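Every chain is named by a letter (A, B, C and D) in the order it is written, and numbering of its residues begins at 1.
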């Protein structure tokens, strides 16, 4: 079985940062990892929906997957940076990510029974939503 | 003088979309255009700061420029999509963009007197902040 | 008429960079501007295609528009940076952008007669392709 | 130990795609996963370099990390899409990713002995370079 080096590496490299991290390393790394995983899953789900026979019914799902992927990439980057952060921007970024994940999960769940990619994508969006929520709670103290 | 075809094209292509636009075409196009312009300006400003002799004093500026560029790209894309949008995600995206532009503008303004790229970048960030604010008002009705 | 400040700003801010530019400022700015315009146009065209009644026939067009948008954003950023560039990466980035624009233009042209957004998008992709080609020639000397 | 669900999920969701995959699922998923991991590592390394006392010596490293992150995100997305791909664009995207990873790895290796984040980042860039190379060989047959 391949070593799960993505997850190890994100937390590992965060721990080498010369500045104090904005949150507990494990909570922060988990959120960044989920943003990355969710961006990847949504990109594939959008494309898989596009190739389905019922693509006309999948337009909203594709659209929300693309929104979620774009938002997750940007927010994962904002959270990856530890140098002199702006607290308001980080909170607003997390709120945006949470909203995008929630909207995408809700729509994917509607199609989960007939498209396996939607079931997997919804699952990942919910994980990312939770990770954003946990980091938000940690940052708000 | 070159024809300002970026601006024309964004509004023009939005007007060909088969669905009703989420807001007045001019207000919406202006916000998408500003996100695009701001992303570009912040990317260049971050890199120009990196090449300055006083780069150690520019770390926060570089970091906030990168955050702002990433956020503007993602939010500009979310706003570009008119097919079955999710209202909460759009509002949260706009709030995130507004916060990123404000933080970057505030920091760039501190360096505007000695780095011309920071002066130009701050100006563009303020423009984008205003465009996000106008679209937020329009969407909230 | 609105002032064409995106174009002015990109070239203007490039000219304030402390390092020598990798190419003539106007040629370089034009390519960065076209990458930005093309990314925006492709994002809107993909979404407009998604809302069309004949979306099943537009799957390849949507897919190539998304590829082109992603590639243009990344390449526009690589070209925006003037600090200690890597020549091979820049050339390979430009080749990738040129290929993405060409593929997207070719597909959009097939739909130009019945979808106005495809006609506009194809036009913009061809502009971006040309701007990449010109910059490639300039960089290869 | 946390379940390595990013890797499982990418390959798993690819396997649910209604179209034939462009390459062997494991080879393709590995490349997409490495693009994602490399984008994350480079984003953190760039920011960690920015916070180092010797940031003036790290300008090229920061710049190439940012290029590599942007390129990896875009290329990972292009490779994630299986619907009606354009072969030339995919090959050119992979070549661009390979060049960006190589340039970033070479520079990070120069700093690996004194910055642990550079050592980890170089390692990840080399992994991604190899994964791109393997997929290129597979696609070229």
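Here is the rule we go by: contacts are C-beta pairs under 8 Å (C-beta built on N, C-alpha and C of every residue); 3 or more make two chains touch, one makes a residue touch a chain.
Keep in mind the model is a prediction, meaning the values are calculated, not measured.
A count of contacting C-beta pairs for A-C and for B-C identifies B-C as the more extensively joined pair. Among the other chains, the CA centroid farthest from that of subunit B is the one of D. In terms of their C-alpha centroids, the spacing between subunit A and subunit B amounts to 22 Å.
Separating the centre of subunit A from that of subunit C, both taken as means of CA atoms, is a distance of 27 Å.
Centroid to centroid, with C-alpha atoms defining each point, subunit B and subunit C lie 18 Å apart. Contact of a single residue of subunit D with at least two other chains is seen at positions 47, 50-51, 59, 63, 66, 73, 77, 81, 83.
Subunit A makes touch with subunit D in their complex at residues 2-7, 9-10, 12-14, 16-19, 32-33, 36-37, 39-41, 43-45, 47-48, 50-52, 69, 73, 76-77, 80-83, 115-117, 120-121, 124, 127. In the complex of the two chains, the subunit D residues touching subunit B come out as 46-47, 50-51, 53, 55-56, 59, 62-63, 66. Residue ranges on subunit C touching subunit D, taken from their complex, read 59-60, 63-64, 66-67, 70-71, 73-75, 77-78, 81, 83-86, 88-89, 91-93, 95-96, 98-100, 102-103.
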